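Shared between the two complexes below is chain A, which pairs with chain B and chain C, respectively.
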Partner chain A sequence: MKRQALTTTLIAYAFLAPALVLMGLFTFYPVIYGAYLGFTDYTIADLAAKEPPRWVGLANFARVLGDPLFQTGVWNSLKYLLVVPVLQIASLAVAVLVNQKLPLMGLFRTSYYVPVVTSIALAAVMWDWIFQKDGFLNWSLRLLHLINWEGRFSWLLNEHTALWAIMLVTFWRGFGYYMVLYLAGLQSIPAELEEAATLDGAGAWQRFWRITVPLMKPTILLCSLLSTIAAIRVLEEIIVFTGGSGGPLNSTYTALLYVYNKSWGNMLDANFGVAGAAGLLIALVGFALSYLNFYLTREERGGRS
Partner chain B sequence: MVKKLLTAGVLGLGLLGLGSLAQQRTVEIEFWTYYLSPNFDNYIKGVIADFEKANPTVKVKWVDKQDTMERDLTAAIALGKAPDVVNLWQDSTFAAAQNGLLTPLTELTTQAALENAYYPNVLSIFTVDGKPYGFPWYGWVDQGVMMYNPELLARAGVDPSSIKTTDDLLAASEKIKKATGAYGWLPPVKDPNGASFLGRFFLEGLSIYDAQGKANFNSAAHVALLQKYIDLMKADVIPQELLRKEAFQLTNELYSQGKVAIMIGGPQSLNRVKESNPELYKKTKVVAAPLGAAKVQTGGAMALVIPKASTKKREAALFASFMTSRANQVKFANVVPIVSTARGSENDPNLRPKDPNDPIEVAKGMVSGSGRFINPGFKPPKNTDDIFKNFNDNIEAAFLGKKSAKQALDDAVAFWNANAK
Partner chain C sequence: MRQEVAGLPRERKAARLRRPPWRRVLAGVLNYALLLAIFAFAVFPFLWTLAIAITDKTVGSGISIYAFPQSLFPKAVTLNNFLEVIEKLHLGKYFLNSVVITGLTVAGTLLVSALAAYPLAHMRFPGRNLTFGVIVSTLVLPTEIAFIVNVLTLRDLGLLGTYLGVVLPTVATAFGIFLMRQAYLAIPSTLMEAARIDGASEVQILWRVMLPLSLPSLTALGIFTLVGTWNAYFWPSVALLTNDELLPMSVAILKLKGQFNYDSFNVAAGAVIMMIPVLVVFFLAQRFFMRGMEGAVKG
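For the complex of A and B:
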């Protein structure tokens, strides 16, 4: 029996090995090296001169933490996290709705997924038009008498609305993706459980809270983790809608945009040490938030089976 | 023809020791361009074929890079597989040279040979700390020509021949907006990759640096100029969207829709109009562009540079000089309306318009030979990214009313002088 268990383990690891090797090379090594660079002074000029990184301890961290632009970026990234609960609740709710055997449900499911496969460039053109001063959003608000003609403004050029406007695009792009994940989770719940609860007299709301939500916890954890990480890593939308400036008045400048600008933004002026330190700080925040996600969706231990 | 041969001869002699290449084994050099494929495949491949025919011991492997150019270049250098000839624009050339990534061309040819082949003003764009780092390739002038929608100007009662200066242009823009609802002209105020508003100072004859090289663009005259544009944006004579999009991009979008009356720039601005609104394209008129008080053009150029890490520098220099020769630049100008940076192009008969009724041809005829007027206005400081970001943030704050024009310029100058290395 022991021998068989050993064989099974070896076979499992043999299957895992290629993926682990590739992850080691292309994920873990860059992450570890990037973190190491955060403790060094290493610029593009050093790279050109084939000079090795010089250990400077925590100097880059002090520089990054003292940089008002990074502080603004972190604050905006934290604000960006507000999209996570809204996105998760909305996509779970719609997943429950489209998990019905009703006519045209296939069409609805597909429609919600279209934004996921729409390129950011195309989405940018559309949303750009929506957010303009003479765009669709102001037109709709005027129609509803919520603003007057003089009250129109460009949503992407107002420091109070630009970040929210971009968050709306993130919501629009992510909604279908999480909905499909939730839909898959919902369809894995045995129908008998729902039927038994119905026979016992449980209403739709009770079935949702007592059966659906507890059984969906692993999916909820996965989706909220993915969504949290995506919110911290938001970059494409910011670059596309602000030309990479993080404007207006840095109101959309996120922490990752800081890292990008210090490393990839203008490669020929890159400072890998500063970018590495900022990247490591963001990764630590990401770890903390991931832990929080695990903590909030943890399984109760020692409860009733 | 004799002049052309002489120029080619001088440059050829200047490329030290290159004559002996014919006796060597065949070598392959890698040539990177920036956003030129697939539109210009025929032209680039044609020049490469001509070069290989003239230099049978050198083969050229062409790779077109797009938005990943700079990171690919850095990665290639780090991996020890640097390309041999790379097409960079002026600010990237400057940053790469300052950071020690490029070969000074005087290690491969002579200053005299370069000066004989290219306009000195363009060569100076690629000169960093007294050393030339880029063979000037195709260029552009920002003012170039004025292209306009005659119907919009007529409706506003604006006579295009009366627009001789930037002030005339702004006055016309006010009239056009009032009478038609369309914008007149969209000036670059905050482009993401540069410090556009410094160009406005330069065009109006205001300084950027003092004699000691310190930024000094915060005098009363600078403040007044910035305030003038802020007021125009407040009055919606120029759109607020200019704070978010490049003027070139926004003008291109709106001109075709009849929402902008005037485009200032190179003939390439008309390419999109020709595709999206052929009727408007046919109606478009082209005249000389108005200039600022300084009566100068701004503009820029692309360079062909040779990375320090290249292992075939001499062959690379031979190819780069061939690619950027007058004959080949003039051929290129006939494919797409670039401005040749090769000395003597202003007299080249091949740059005269072929169809006097076609707006692009007319504009090409007026602009292609104006390489001697290309002037970026100022040299970027080291630490460009941080400094330009701060400058643009201040300009934006002034336009959005968060700072006074004076405060914004004072803050930008203070940051510039504290952080420029």
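For the complex of A and C:
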């Protein structure tokens, strides 16, 4: 009997071995070692000379927090969060819209999801053309008499519009994703509730606010937090649209771009210690939000059952 | 269940019918106007890119992609841009790189997840709950600081700038293991006991019983991984910083665009080539996408 238990244990770990080795090497070790680097001084020159990282305590954190570029990054990341409420309200509205049974609805649902499976590289190519000075956006705005053609500009090269333009692309790539999540939530609302409300004379608007929104609260909470964390971690969009510069005039420089540029983006002043410290600060915010997510959704479930 | 709920309850339908006809017509028109507006927003970039890709740029002098509305409705259609981008820009090479990287990643993810999930679902051994907890905890780990060290690790292993270097760090995921474990848990353990009594080894049980019965989950995981890897931009561009030759299309397409002599018609053709595999997979497997997402919420 004991021998059999030992055999089972050995077989179990043999099956688990590939996953545990790969995760240990490429997930746990880098996270722990990366956090450690945040407390050291380790430049690209040290790396080339095979020097070990030097322990400097909290110096990097002071340096990062005092760096105007990081402060700009944090400010822009906060501005980027504005995409969250817009994205969530729109996705919920679209989900309600496509939850009706009408001809061709399957086609609409599917097509709204297609941007979600588009790579950021393709999105960058296509939207870059749209945002050009002579691009489709300016052309349509002129058609609607919203802009003066002589004063037109490239949306990505203007420091007042670049961040908003990139946020629009995040919105475009995201709304189908959240729409499907909301759709799943909507379809789990018991039909009898809506029927009863209708019989009691509730209009569509009342049904939405009194039944749909309260019952969808856990989904709304989950989606909002998912999209908040995604907004804080946004990096690929900035890199592909600005070539990693965060321009024009640092107007699209986000906190995570700082980590990227301090590690690989700009080889000349790469310092893995500074990057690690900045990464740790951002990760802590993300971690706090994930915790909040778990906490709030658990609270919700407890309340309902 | 979902199908039933999607239909309008009879009472509501009756309430609708009692409304005056002009209101029903108005509601219908408004619904479709909104649906079409969102449709245009969602697919316009693709349609415009497709239109540019098939435009015959040799017809008429100096056709511009910014000449609206002509560039949305090309007068002369050709497939030359596709041939050109494949020949001149060696798109075939990048396409093959994408195929190899995606193929290895999907195979690796399926193998690692299918193996690791089995003991977590159906074996009793010391450390099981701890192992599962550790794997699931990677979902909330701060990955921002991981990629710096991963590049250093790959360099030390001599894998930086190789296919394996791109693939290996991405194949063991909590998502994959979790998904497969859920699928195995749904399989009754009496089946396994019967197989054991017949003298089957654990590997045989996994291969002959568990995998065939969890095919839907395997397929879904494969599709998710395929689309994610095919589209991945950031990690391959970092892991292949030292070796341009192995770049996948998702990274190469932006490099093409960055070249000073780039031709928008060719870039558009490249974009279409890159999109086709994902769109084909997407349309064949829509159900898996939508269900997978719904499962993520209902948990």
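One rule holds for everything that comes next: the second predicted complex is superposed on the first by the 235 of 305 C-alpha atoms of A that agree within 3 Å, B and C clash if a C-alpha of one lies under 4 Å from a C-alpha of the other, contacts with A are read in each partner's own complex, and residues count from 1 in each chain.
The rule is short, and it goes like this: contacts are C-beta pairs under 8 Å (C-beta built on N, C-alpha and C of every residue); 3 or more make two chains touch, one makes a residue touch a chain.
Since the structure is predicted, the reported quantities are computational estimates derived from the model, not experimental observations.
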Which of chain B and chain C A:W155 touches, first, second, both or neither: neither
Touching partner for A:V180 - first (chain B), second (chain C), both, neither: second
Chain A: partner with more touched residues, chain B or chain C: C
Which of chain B and chain C A:L235 touches, first, second, both or neither: second
First, second, both or neither for A:Q132, with chain B first and chain C second: both
Which of chain B and chain C A:Y80 touches, first, second, both or neither: neither
Which of chain B and chain C A:A45 touches, first, second, both or neither: first
Partner chain in contact with A:F70 - chain B first, chain C second, else both or neither: neither
Touched partner set for A:Y258, first chain B, second chain C, both or neither: neither
Chain B versus chain C as contact partner of A:V31, first or second or both or neither: second
Residues on chain A lying within both footprints (that of chain B and that of chain C): 47, 132, 243, 264
Chain C residues touching chain A - in the complex, by the definition given at the top: 2, 4-9, 11-12, 15, 28, 31-32, 34-35, 38-39, 41-46, 48-49, 64-66, 68, 111-113, 115-116, 118-120, 123-126, 128, 131, 134-135, 138, 140-153, 168-172, 177, 202, 206, 227, 230-234, 238, 241, 250-251, 253-254, 257-258, 264, 267-268, 271, 274-275, 278-279, 282-283, 286, 289-290, 293-294, 296-298
Residue ranges of chain A touching chain C (in the complex, touch as defined): 5, 8-9, 11-13, 15-16, 18-20, 22-23, 25-31, 33-35, 37-38, 47, 94, 97-102, 104, 108-115, 117-130, 132, 134-136, 139, 172, 176-177, 180-181, 183-185, 187-189, 191-192, 194-195, 198-199, 219, 222, 233, 235-236, 239-240, 243, 256, 259, 263-264, 272, 275-276, 279-280, 282-284, 286-287, 290-291
Interfacial residue positions of chain A with respect to chain B in the complex: 43-45, 47-49, 69, 132-133, 154, 156-157, 159, 241-245, 247-250, 261, 264-270
Chain A contact footprint on chain B (complex, rising order): 70-71, 73-74, 77-78, 92, 95-96, 98-101, 190, 192, 240-241, 243-246, 308-309, 383-385, 389, 392-393, 396-397, 400, 402
